Amino acid sequence: MSVLDEVFILCALGALVLFVFHRIRGIEKLAVVFYAALLYLLIKMSGLGYGGEVIYSSFSLNILGETLQWRFDAVSWFFAIITVASGLFSAVFMSGKWGESYREKTSNAAYGTLQIALLLNVNSMLILLASGDLLSLFIGWELVSWASFMMMALNPDKQARQAAIKYIVYAMAGAMAFLAAMAYVYGITGSLQYAELAQASAALSNGQIILLSLLFFTGFAIKMGLIPFHLWQAVAYAETPAPGAVFLGAISARMGLYAIIVVLIQLIGLGHLQQIHIPFTFWNLQTVLAWVGALTTIIPTYIALKQNDARHLLAWHGVGQGGYMLLGLMTLNSLGSAGGLLHVFNYATYQAALFMTIGAVIYRTGTANFDKLGGLVTQMPLTFMVMVFSIIGLAGLPPMNGFVSKWMVYRSLLLDGEPLLFVAAVIGTLGTILSVYKLVHNTFLGQLRVEHQNVREAPLSLLIPMLVLAAIMFVTGMMPGLVLDWVASAQLAMGLVPVTYNLGGIVLASGGLDMIWITLILFYGLGVGAIIFYLLGGRAKRVHQYDNYAGGHFLTSRVRYHYSHNFYAGLMHLIGGWYRGSFKKLEQAIVSLVSLLSQLSENMYRSAQPAMMVIIVVVLSLWSISGGIN
Amino acid sequence: MNCDEINVWLDTLLEEINEIKVTRKSDRRVRVDVDASSLPALLELLKGKASYVHLSAISCVDWPDDEEFELVYHCWSYEAKSLLSAHTRIPRNSSEEFARYVSVYDIYKPAGFFERDIYEMFGIYFESSPFMEKFILTEWNGPPPMRKDFDAEAYVNETFNWAEYNPDWLQEITEEGGGIAIRPEDVRL
Amino acid sequence: MDNLILVVILPLLAAFLMPAMARTSEVLARVTGLMVLFISIIIITSVWGSVDEQAVSYAIGGFRPPMGIVFYIDQLSLLFALLIPVMILLFWPWNKVTHIREYSLMMLLTASASGLVLSGDLFNIYVFYELLAVASYGLVVAQGRAGKKGEGAALAASLRYLILGAVGSVMMLIGIAIIYTQAGTLNLAHLALLAPEKLNNMAGLSAFALILIGVGVKAELFPVNTWVPEVYGAVSTRLSALMAGLLSKLAVIVIIRVLVLLFPQPEALQLMTILGMLGVISGELVAWRSRDMIRMLSFSSIGQLGLVFVAFSIPGDMGLMAGFAVALHHLLVKPALFMLASGWTGPLESLKGAAKQSPYIAALFVLLVMSLLGVPPLPGFWAKLLIVVNLASQAAPVYQFALAFVLIATVIEAAYLYRVVMILYHPNQGQQASVREKHKAFELVIASGAAVILIAVALQVQSMETKLSSMARQTGDRQHYINTVFSKLDLADIYHQNKVQQTDFRSNNQLQGSK
Amino acid sequence: MASFNSISELLAQLLFMPMLAFLLGLVMVLMYRKIAARLQRRIGPPFFQPVYDIVKLYSKDTQISHGLIHDIGIVVAVGGYVAAVILLPVPGMDGIADKGGIITLSYFLMIPSLGMALGVGQCANPNGSIGISRALTAMLAYDIPFIIVVFGVALHYQSTSLVGMIDYQQAHQWGIFEMPLLAAAGLFALQGMMGKHPFEIYVAPAEIATGPMVEMSGKFMGGLFVMQSFQFYVASVLYTSLFLGGGANWFEFLLKIFFVVEIPMSISFLFPRYRTEDMVRIMWKWPVMLALIGIAFVI
Amino acid sequence: MSKLGNIPVQAKSEKKRTNPLARVFDELIQFCQSRSMFMLHYCTGCGAIELPPAMTSRFDMERLGIQPMVTPRQADILLVTGYVSVKTLKRVILTYEQMQSPKYVIGICSCTVNGGMYWQSYATAKVLNEYLPVDVYIAGCMPRPEAVIMGLRRLMSNIENGKGNAWKDYYERYDYYLGNQQHLFGDDWQTPVDVIGEAKFYDLEGEETYGEHTRTLEQHQEPLEAAVMRVKL
């Protein structure tokens, strides 16, 4: 009875209990306790995070001559910790006042189904993470896509439902690509165990490697929303109810990354990918994948820049940062892959916090549309503080943890000497800084609207998870070493050289990073700035927002004196032309092709007259007789 | 149709309107006196037929003693290159608050602005003009200031007070018997 | 073993006597139908134990094999022999005040179906196939639904079905004739003996093609399945469930028998793959466009049947096993879906928010759909896995295309099935929400029964897998078939008659059976 | 270059480096205004004018603030630069330059602008918001060539710590000879980073009433003046340590940084103010091309 | 009738700090304040055209340390150039109140002194320092740049020796100024700037800050308090 079995039993139990009692009121307390227990169990397994050996579960199944077994190694433990933690945070977020307001809006049953959906998501992700061979990986993969579909389909809004259907078709296509690749692996090696694929991958011909890695990669890329398949994710995640968005935004798309790690890096191995050279370019398959990651950092971030709804902006950033992680993993040195993995953790913290702040804003003001918000900083200061912490993280500025992982990826690109990739990553980061400021400015800064004058701070049950996340962001930013041990042991499990690190950051001969010193210096600087500001200058009188310079005009509440629509007008003027939505057109082209084909076959069915059959018969029989005689 | 043909044609046309007085000052300046009721018809005619498409201004002259306002409509024709000023007299009825006249906004769009100006400055209310509200003198709630019977100086003396300018250099001169010589007709205070 | 013949004779007898009995006592006539079915179920269950690894052949009337009528009973035929009465019992036209004619037609159907499955002689199969066709035409006309299209639609549909069926049976007859000219005998075992040298040429292939197309009409094979949407649309859902579920599988069994025993050459398999592929793609595509639940289900059954053909076209035992898995899974799921569809008639948009009204039915629908699509824990997934894995391991390029077509078809299937689910779970009610008529209790019982079986199978997948593989191995083994039908001595004198060169059968079969 | 070895020396450096930066910054501001005046055939301000301005601003009796975030914005703006300065090695004092390399420094330079952006946001004045949106777009514009230059330089010197770079240049030739194109692109980016005339759209006095500074009175405005002086200092010292081999001794160091600052300053008064999109177009076209070609040589 | 020339604006509360160090410090600050002034020239009338030449190469105000600034928040001197019509006076008063003290007003052109050329006009305010405390007047129907610079130097010397605190008078005799303003604009005259609040905050109130005019102001305007950042769950 290993710890992993206890985890599975607990999951099954939790699912059963939740399913039975999903209508009664006290369910959210139950859910929080369940996630806490799950987290406790994972912490019991924390030996894995520090180089412990793999934990096997006793439950196994043999079918079709294959034995399926489930196990946890350092990589899956790393992802599992993030999954269960974000599950716990969204459950706590859901249990408080937000839950009551959601109950009044919808119904007890709807709230119950949302809880179940979250639980199913966490369970299916744990199953996926624990998979021991390709078949169980596929089973986990399908379960995850169905569970997140269930989470997305709960939203009554029309746009969300279309996004959910688009998601399920994408997920199904991804799963089928994965199935095809698995089938080829079976065809080649005769078995679906990781070990056989690892050995056989050495003997694979170039063509086979290309086919296999492309099929596997399309399957996983769809889940992660990488460039060619990024259209479904943002709308689907944005439209789910707030706690759902918190969970999906934080970790759900990273399952694709886990699968890429398991298959492309552990089994096929980056070395093999490098051998395959694309004709008449100096690229190889590994650079192609790196470029997919780089493009995914740029394009969704600049789409996010144009969004007019806070949730959509954040969801598009989710897609963008996914590309960042892939870029980190695809670099050839240990620093880059460590950066990619650390970015998974960092990103989960501040994306969850950001979605929670937006959830709190929606809870209080009822909308997340930038044109209807503004000036909430005086009404919701704590939420504002958490948002500032997380946007510093998302933008990757020093004191927060986002900076560490971004620095590592940059540094690794530098070590590899990849100028264009480096520039692409930087363009992505700058785009993030711009759109992140637009998020803060349009919701919290600027003129406060008359109808928001007596909006109150978010309730405690919403604030606590936010503040805890903010604290985590700051602590792991100050001392990245804490998370780096997990990342190093995960790298070991992946078969890569772990990164050299200490508590403060990365130790590197040619210019490392020591976050403790940097944070201290930053606070020293801020201290000096505060001294200059508060001691030297006289007292400053707080004035009302209408006591403002408006070229001699007398400001009153009748005229709204606030700039938030079309925020980066200059930039949009320049790059506005690029938003033709060429990917959307590609998608519509495919859909119309399918409907054309179906129209064709439908006509065939309707019009095929029996007479035509007779002709076929005659021709066939004559041919056969003639053939038969001679 | 060049300028002089138009002028000849115009003169014959104007004759037909009853009790109209046309004086042609030069081949490019015409003065027409018409009574208040037929002015809009004249303007319609000028704009439609006689290519006077541009109303450059409406000016108002206050005749307090014959209790009348004189409205002058300056129309300009690009083809004939001549300016026609149509004069008309409307009663001042200073007893009520506003004199009344009809607006020509529907014929010439710029008239709206001129009529508003005259409304503020002379207190003539133009029916059916869209802009009959204060635009320049928003701070002013006294009588229409451009009317001749409004004595600005008295108003100024009553509302504003003056700074008595007696700098020390002037005091020394006055002590020695000098001072500022002001022409008698300029003495105000 | 000898009372197995009763399974065919009794229903035949009952079918013809019923109209006569009806004149004397209405009730007796109704009851005999049920009695006959129960008896045949008892008979088959009694025989069930005796057939496991070793098949049994039973010559009727004591004639030595190549002459008389031979019954060949192995796991496959016995399984289907049991399924036939059970399915017909389930879909027996209970509550409608049906004319006695329908009962007799149902009896005829049972008789011909069980005969088709058990018989080991080609011509015998043809006769039973004809009987089956006639019975189904009659039923289609008799059970025309009084839907908005009214009686007329049922008649038109059955007419088109009749023409196609007739054309099909003519082609089958020509095929059998060609085989007879080539091989001189019609006994399956004997033919299996002579097939390698006699039917290996172009004529053999064309015979197979003809039989394939002929039987294909009933098995909803690609070019000849245009009748499916009209008939299923016009006929009562119970009959369409029966036809989609059972009759199409019988036709497939016949083709498999013929294929395995008579035409082991690869071109036959590839022909079947191509037709299967076209069936899958066209079925799914049109289902994607269809706006009505019944029409969508009929096209999806075409698609699934195409998938069955693709599965069976994989050479070797693995192919047979995959085919059986998909066929049985479809036999289980499709009738249940038809039962659910009977309550939800009319265009899909009218079903908006149906889940709120009947949450249990909607949940059932989702479970069945997920199994159809192949969501892991459910058996549908294992069946699909078998197909995909086996297709991938084949070298021939046509199989790679087949794999791609199957996968694309599943994606399209997911798209339209889930569009229906989203409509069911739509938050606001559709217009006719109130007027929708309730599901009949009986249909719900069948559907939930199918769901229970589905979950049961999902739980113990391993045991199911062993059963299926043994059945596949048995059907695939030609030599076993020949040995069971001919005893040792018969083999000796057959050699003399046809002076067949003494090719070493064993090596030939080894090659074919070992894959 | 002795990096700090004892805590007391570090504390001394912590105090002395910002002070030095501030003073040199003031002199640079004066130089900027003197050059402007001389170009317009004017006499220009007296020597201590920047000091007078800052003392006057800090000695204002009344000043207005729109809230805590407005104050914190200015604190972060000044504090961010004070911290950034400590990362910049100066002859004799390295601060913690080897703890965080050039990538950290380029991020440190973004903190003040983001801090000020938050502060200006709370002033609830659309002129400020428009100014900030233009300032961030400008940052996007000049940061790309700057980052490419940083990449090229780091690749060439095989290290990201500034101290290492300076040692390398002391040993071999200066960066400007080995990477002329990168140096040129760096100058272009420097021009943008200065935030002075050709790329000064976000402080356009006529259209948006000096953009972000619209509601800054008294010590807030003083803070921005201090920030401006730091901006000049950081830009020039960064450029010298990347391309002109840092300062071996003080005199050479001062000569270099004043020469480096003088070039963009004199260029800035010959050009009118570019629109936002023109600025982005120019910054993404010429310097980026130069930098990329430069990198091609470096690899 | 306010007496021009020796403008009675010597604020009563002016007291020199006793200990020498503080006094030296104050002198230094006053010197810096005089040497660096940010000028907001509110082009109310025709006098504004004289300022560009004063700033550019020939007369170069920058050598005196004077820079043009755009918003009242950053400015120290308000140059009211030319006639001040009643409508513009409202905006001038708002701009003056938005400026941060120590702030100075210079009335350029004789129209601000005593009505000037438009003395008869019903629409212009005749004497500027009835509505705002004015430090220096520069007469002349558009004084030449030299005159403007001489006025500015006069202001600088005033500041240097501590006489440049006319701005305190606005707070100390706010009632008088408010009275004149209400007399001109009517009783419901108010600006978004809370002058009384500022006087309280920096304790610049004199005896005449409050009077019947401030009471009429209280009836109409409920002063705009700044939205204080508070956490109310």
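To keep things simple, chains are lettered A, B, C, D and E as they appear, and every chain counts its residues starting from 1.
Keep in mind that, in the parts below, contacts are C-beta pairs under 8 Å (C-beta built on N, C-alpha and C of every residue); 3 or more make two chains touch, one makes a residue touch a chain.
The shown structure was predicted, so the numbers you read here are calculated from the model rather than taken from an experiment.
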Pieces of the assembly without chain E, by contact: A, C, D | B
Length of the shortest touching-chain route, chain A through to chain E: 1
Set of chains adjacent to chain A and to chain B: E
Pair of chains with maximal C-beta contact number: A-D
Remotest chain, chain A as reference, centres from CA atoms: B
Furthest chain, CA centroid comparison against chain D: C
Chain at the geometric heart of the assembly (C-alpha centres): A
Chain A and chain D, separation of their C-alpha mean positions in angstrom: 36
Separation of mean Cα positions, chain E and chain B [Å, integer]: 39
CA centroid of chain B to CA centroid of chain C, Å: 102
Of all residues in chain E, the ones touching two or more other chains: 71, 73, 198, 201-202, 226-227, 229
Contacts with 2+ other chains: residues of chain D: 59-64, 66-68, 209, 214-215, 218
Complete list of chain pairs which touch one another: A-C, A-D, A-E, B-E, D-E
Chain E-touching residues of chain D, taken from the complex the two chains share: 33, 37, 40-46, 48-49, 51-53, 55-56, 59-64, 66-68, 205-206, 209-210, 213-218, 221
Chain A to chain C touching residues, read off their complex: 61-64, 135, 138-139, 142-143, 146, 153, 156, 161, 164-165, 168-169, 172-173, 176-177, 179-180, 182-184, 186-187, 594-595, 597-602, 604-606, 608, 610, 613-614, 616-617, 620-621, 623-625, 627-628
Interfacial residue positions of chain C with respect to chain A in the complex: 160, 163-164, 167, 170-171, 174, 178, 181-182, 201-203, 206-207, 209-210, 213, 223-224, 226, 229, 281-282, 285-286, 288-289, 370, 373, 375-377, 381-382, 384-386, 388-389, 391-393, 403-404, 407-408, 410-412, 414-415, 418-419, 422, 425-428, 461-462, 465
Interface residues, chain E side, partner chain D - complex: 28-29, 32-33, 35-37, 56-57, 60, 62-63, 65, 67, 69-71, 73-74, 76, 100-102, 198, 201-202, 226-227, 229
Residue numbers on chain D that touch chain A, as the complex places them: 14, 18, 58-69, 71, 74-84, 86-87, 95-96, 98-104, 107-108, 110-111, 114, 117-118, 121-127, 129-130, 132-134, 136-137, 139-140, 143-144, 147-148, 151-152, 154-155, 158-161, 164, 201, 209, 214-215, 218-220, 222-223, 226, 275-277, 280-281, 292, 295, 299
